[in-house]
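Just so it is clear, A, B, C and D label the chains in written order, and each chain counts residues from 1 on its own.
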Amino acid sequence: MENAECKMTVSEEIELKGHIIDSIILPRVLDAIMDMEGDFEILSLDVGKKKTDISTARMVIRGKDHEHLDKLLDELQMLGAVLPVKNVETEVAPRDKILPDKFYSTTHHPTYVRIKDRWMRAKDIEMDCTIVIEDERAICKRQGLVKKGDRVVVGHSGVRVEPPERSRKPMDIFGFMQSDVSPEKPINSYIVDLAKEMNQIRENNGKIIVVAGPAIVHTGADKSLAELVRMGYVQVLFGGNALAVMDIEKQLFGTSLGMDEHTGLVLERGYKSHLVAINEIWKVGSIKDAVKRGIIKEGIMYECVKCEVPYVLAGSIRDDGPLPEVITDVMEAQDEMRKYIQDADMVIMTASMLHSIATGNLLPSWVKTVSIDINPYVVTRLQDRGTSQALGIVSDPGMFLPRLVEELKKLE
Amino acid sequence: MENAECKMTVSEEIELKGHIIDSIILPRVLDAIMDMEGDFEILSLDVGKKKTDISTARMVIRGKDHEHLDKLLDELQMLGAVLPVKNVETEVAPRDKILPDKFYSTTHHPTYVRIKDRWMRAKDIEMDCTIVIEDERAICKRQGLVKKGDRVVVGHSGVRVEPPERSRKPMDIFGFMQSDVSPEKPINSYIVDLAKEMNQIRENNGKIIVVAGPAIVHTGADKSLAELVRMGYVQVLFGGNALAVMDIEKQLFGTSLGMDEHTGLVLERGYKSHLVAINEIWKVGSIKDAVKRGIIKEGIMYECVKCEVPYVLAGSIRDDGPLPEVITDVMEAQDEMRKYIQDADMVIMTASMLHSIATGNLLPSWVKTVSIDINPYVVTRLQDRGTSQALGIVSDPGMFLPRLVEELKKLE
Amino acid sequence: MENAECKMTVSEEIELKGHIIDSIILPRVLDAIMDMEGDFEILSLDVGKKKTDISTARMVIRGKDHEHLDKLLDELQMLGAVLPVKNVETEVAPRDKILPDKFYSTTHHPTYVRIKDRWMRAKDIEMDCTIVIEDERAICKRQGLVKKGDRVVVGHSGVRVEPPERSRKPMDIFGFMQSDVSPEKPINSYIVDLAKEMNQIRENNGKIIVVAGPAIVHTGADKSLAELVRMGYVQVLFGGNALAVMDIEKQLFGTSLGMDEHTGLVLERGYKSHLVAINEIWKVGSIKDAVKRGIIKEGIMYECVKCEVPYVLAGSIRDDGPLPEVITDVMEAQDEMRKYIQDADMVIMTASMLHSIATGNLLPSWVKTVSIDINPYVVTRLQDRGTSQALGIVSDPGMFLPRLVEELKKLE
Amino acid sequence: MENAECKMTVSEEIELKGHIIDSIILPRVLDAIMDMEGDFEILSLDVGKKKTDISTARMVIRGKDHEHLDKLLDELQMLGAVLPVKNVETEVAPRDKILPDKFYSTTHHPTYVRIKDRWMRAKDIEMDCTIVIEDERAICKRQGLVKKGDRVVVGHSGVRVEPPERSRKPMDIFGFMQSDVSPEKPINSYIVDLAKEMNQIRENNGKIIVVAGPAIVHTGADKSLAELVRMGYVQVLFGGNALAVMDIEKQLFGTSLGMDEHTGLVLERGYKSHLVAINEIWKVGSIKDAVKRGIIKEGIMYECVKCEVPYVLAGSIRDDGPLPEVITDVMEAQDEMRKYIQDADMVIMTASMLHSIATGNLLPSWVKTVSIDINPYVVTRLQDRGTSQALGIVSDPGMFLPRLVEELKKLE
């Protein structure tokens, strides 16, 4: 180890600022350096004495060689480290969809790019994309949309990231570190808090996106989701073919994927109802038309149409049909979802692993995110995939939505 | 295989009666014979032509030798097969806790023993025990309680078992085969049905046992369980040390195992509250005394004391303390639970793997049993361990109990 | 109930044949009639006396009205009931993708259609599709591929389904009813049996499809999957973008989604390696080209290219990139998977809910299917969605594949 | 908030020392103060400049009143804060099992008590107990063992706790923060590391405790556990009645709880084998006697007896029988387990929630702890219950043990 340290001759100075100690930004930086077998020396640490004070740290980072140091700086920058102030560097994309080798890859935190000595906030930020400079504006783009000749940010000069800090406010449900997925949480209190937060957003004409899977229909919580739409708590709905088909099937036949809505009894021929529901919608052309013609008279999709809540139905390879409005090209579907993401105030993900992770991938870190699933793997996976801001609740969405509606009604 | 069959020369005749085809008793009998590599010949099959009719089958079972045939008959008898009518045979237990080699081991179905040419129903039936004949009465006893000289039933003559048949009634939640543990069930309808069933039992002055684990307190569903007690829906409570301590801790400090009841925040020192709660009860001697002296003024245990609902707190090796009323000897605790089991109308198991499986082991098959847990392994395990009558619901008990109370209130 | 029965005046005669009692076909038929509140009378039941004998039942089914009877017959037909022999009826599809109202919806069992007094086996059978008659041939088609003017089978006349029967052979792992998802199974014996079965298929130049998710790479089981390909045990690979990217990322950087392959340590910047891997493949055009040019030198995809094992990479909305060969249109991806399905001998599904269920939807019931996942919900869901033939194993694919390779090597 | 701070007039000075920044001790201290609505001022922060340097912080903590400050100090002390050096204070236990009101409750970290101006390390430390001073020695005792007149430590003066710091060594599997329970980990690398660590312990004549549940037998991993014993990798075995009975049942009948060890087939009568196995052991008196007389010739328990590996079989309320050597009083069983805990080098917990959590409760934080379970709830629960040092692995123990044995054999 000592030997290893001796060899560290390449170095760079970085700065950290904010609640870097108690928001564990500084510890994470030191941890990362040690994990990556780099070295550091703290030049100065000016610690906020009181809890509202800001701290500042300056330190020298040392790597084994330039490549190693680059990796270290890459990592530290993602954690909020600021490098000596320089303008951003770009290289030109050699072909469509091809990035320059040293492209900068984004986090989902607020990101600033220094162009002509001014920090500009990158637009449409989302994780695992790249930043393109157009007319002195920085725009976050997914790889597939980068065109030949685009000026793509490379290296780590002139980029600043602001990871979220620990809330200074008295505690709220989004203020904690929610690192685990235990079902042993005061779920009944969380619902009260969540209802208040949602109510506040509605008061402010904010925007709540709900991501829902078909278990919502199976469990009978579709009535509650329809009510949420009616009450004005859903501004956009993300789902898949299954959600819409089962909702429509239930309105037409009282079953979901052939399962009786009261008894849970599944008949073999029940699957047919699923197919008939799809056929009925194809006959009239769209869900909207089915509502207009009075074919569907209730349910989640009905309320969305009635309340003019836009919905994005993204296709998947396990789809039957699918319905006419389902977007079968997955990248098109993603881009359609992107249209609603950036100004969202809250996202509630429930009973869908696929759509929840997909939405999580698109979300900036400042959007309040709640993921409710009975499957702890969904919540874990969401966090493994980087949606670290999500409040993960392991509970039964089929019970959660009815209870949530109950709490929201108390606030009317 | 053909050869194997040739060798089957030992045989016995059995009879099956009832809704043996659609209650899949006959198929299970044929399956078992084939699984065990025995052979059969159907002598007669008199099939009920209409759905209310009874069917009867007579068949010859053949085994490779006497031991093989014995095993076959053992298995078939458990499935409801009746052997040629003979009186029961017994052997004397050679020492305390030692059974004769060929002891009969019980199922949890109604069981009749033929003594002096009369069928007597065995008392206190429970699975995996033995039957002792005392004064021409048949009593089900666990191995550990068998005394030297007890006349223990051996072999399979003179014993008749009545496995449950498929309900002929229009469907109710206990009528289905609930073989799987999917969370994709109409939980919101199940709750309505369960509430009705519970209400019916209360009307008839029946008996409901609730088995609860500490997650009930963590999730905030303790208020609902307390309310169930108050409403008269709990006649006996089974739990462990943790349930009682956390309930008391919450009344005294607003935390459960140190977790704040509103925020879910866990402090290191929080565990201390757990220990203080135990100490407080030891200081006054018992939960009952703590209620009497006004130290505990609310909660699950408070309501049990106030409403004179008996509780059994069974110890486990992970206990802190434990509280004075916890029974630390596990066999004593089992026997205490046994006192409340036989005349129960319903058992609701929630959020406890240990206590649910333990209770399941003691339950006769005619007791309506519901198991609600967020962990699918609990429900699966319960069925793996033979509590096949249990309606297994994979849902969040923390939401389930509040919703259940809501439904029950509609019936008041 | 008695009244209800009085009203049943519409009736039809059906026949059941085969091991209908112990394969629980008859019980399921009687069950379904009672669940659906129909009525029946058994006209004759000729029971096979010995275990190799065939049984035959003839019965009258009664419904409340024609619609009710139709639903009953629909259901019973799916369970294997044969209606009085008539030729099949068809109606013409009014428009592309629009089915006639009474279209017949398929099961995944062998299905025969009676055309001009001859039973013809339907081609390309798969569940939840429809049957089109072309030039006296019956072809199973998904709704989306039905064209205006196609002659679509309607009603239930002239269709015969053969649900699988219980194996008469001594037991093998595919012979049992695997209804539950318990992890308490003799997994180490299952692996031995599975290895033998796979070896047998390879001997017979059969076809094994492996469906794999990215956890295979995370857990380090990618080495084992690559070895399976090399050993000749994989004839087709189904996966998604993530599987291929992580496999390639690991070859290039020793990480999977930024997680170190040895330590499990995840760096923030690690996700970048994921994007770089995608970029590298875009630079050369395809995985095949990357292998050819020596950019990828090991791993799952490398072995597939080297051993000329075809792969289908189906896109999903959570994809980064995706890679050039990923099919982003989900219905196109499904149809590409269909090309490999019908003559498969075995499908091994592992560590992917999405791709496993999608594959399950396409599989005929006679294909030996094994699903291994650590998440019991995956196995449950697969069975909820109708892939009832699947042997569901709740285990860790990351350990399962290495153990499987070990067992297969013993058979070399 | 500002107002709240004005009211904070009671204060105390504390000190923190060590790798307090990157081991996140300081951040956790600041977090805790804010969570508990206290206030702080940092007096000095002397930061280690290089990664091997030590940091020191001194700060003033302010509370609303004495009780609030006490709670704050309690919490901070558990996190490693040192209060101004004073001698410890004690009060006398008023009765057996009754603690003085302000008793100090222990963590599972190394703990020092200042007696007559000397720091003495507390003996037998374990979480959630109390410290009794006997003859100037500090002994950790569970509440139930405290006797009237014992001098019990109260308050927080004169107590110092040393929470574990982040390892400075290059990474090993026990060095990481293992906060999540994802199955997406490089399990195949972990096994290699674990095998090395175990081998090292065996070289040093160290002590490994294995905690095992009955699924080990069901899955066929019993052979591997028996081999671990034989290879000298198990110095103590903790389990329950079920583990021993199923192991014995398998040796006698080839089944575990009636499930065939090869096919997984469960017969109704199979449960009887379980009871017969218990009866057989009662007939000879103990497992040891059964081995001596040649009744048991293989298996886990056999190897333990042969290799003189002590075992503790702790009873639970779901036990059948139980076997003669099972300790039915849970507190006695705990105390028996305690005898083996303090000098353990490693504990491997596998396939048992009950016994794992119970063992976790007893473990000092410096014991290397690995928990392997297929049920993520077990791993989560273990950490919820405070066994934060445990490396939690969500995998199938039935596969894990065979793979572990394989790796260990490579090191022979």
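By our rule, a contact is a pair of C-beta atoms (placed from the backbone, for glycine too) under 8 Å apart; a residue touches a chain by one contact, two chains touch by 3 or more.
Given the structure is predicted, the values throughout are model-derived calculations rather than measurements.
Taking A-C and A-D together, the pair of chains sharing more C-beta contacts is A-C. Each chain gets a centre from the mean of its Cα atoms; the one farthest from the centre of chain D is C. Note: centroid distance chain C to chain D, computed from Cα atoms, is 44 Å. Between chain A and chain C the centroid-to-centroid distance comes to 32 Å (mean Cα coordinates, whole Å). Each chain gets a centre from the mean of its Cα atoms; for chain A and chain D, those two points are 36 Å apart. Contact with two or more other chains is made by residues 35, 171, 183-184, 265, 375, 377, 384 of chain D.
Here chain C touches chain A in the complex through residues 32, 35-36, 71, 74-75, 78-79, 97-99, 101, 103, 105, 107, 127-128, 130, 142-144, 257, 265-269, 271-272, 274-275, 278-279, 282-283, 314-322, 328-334, 337, 353-355, 357-358, 361, 375, 377, 384-386, going by the rule given at the top. Residues 1, 21-24, 26-27, 30-31, 33-35, 37, 39-42, 45, 47-51, 166, 168, 170-171, 179-184, 376-377, 380-381, 383-384 of chain D are the ones that touch chain A when the two sit in their complex. Residue ranges of chain C in contact with chain D, taken from their complex: 171, 173, 176, 183-190, 214-215, 218-221, 223, 259-265, 374-375, 394-396, 398-400, 402-403, 406.
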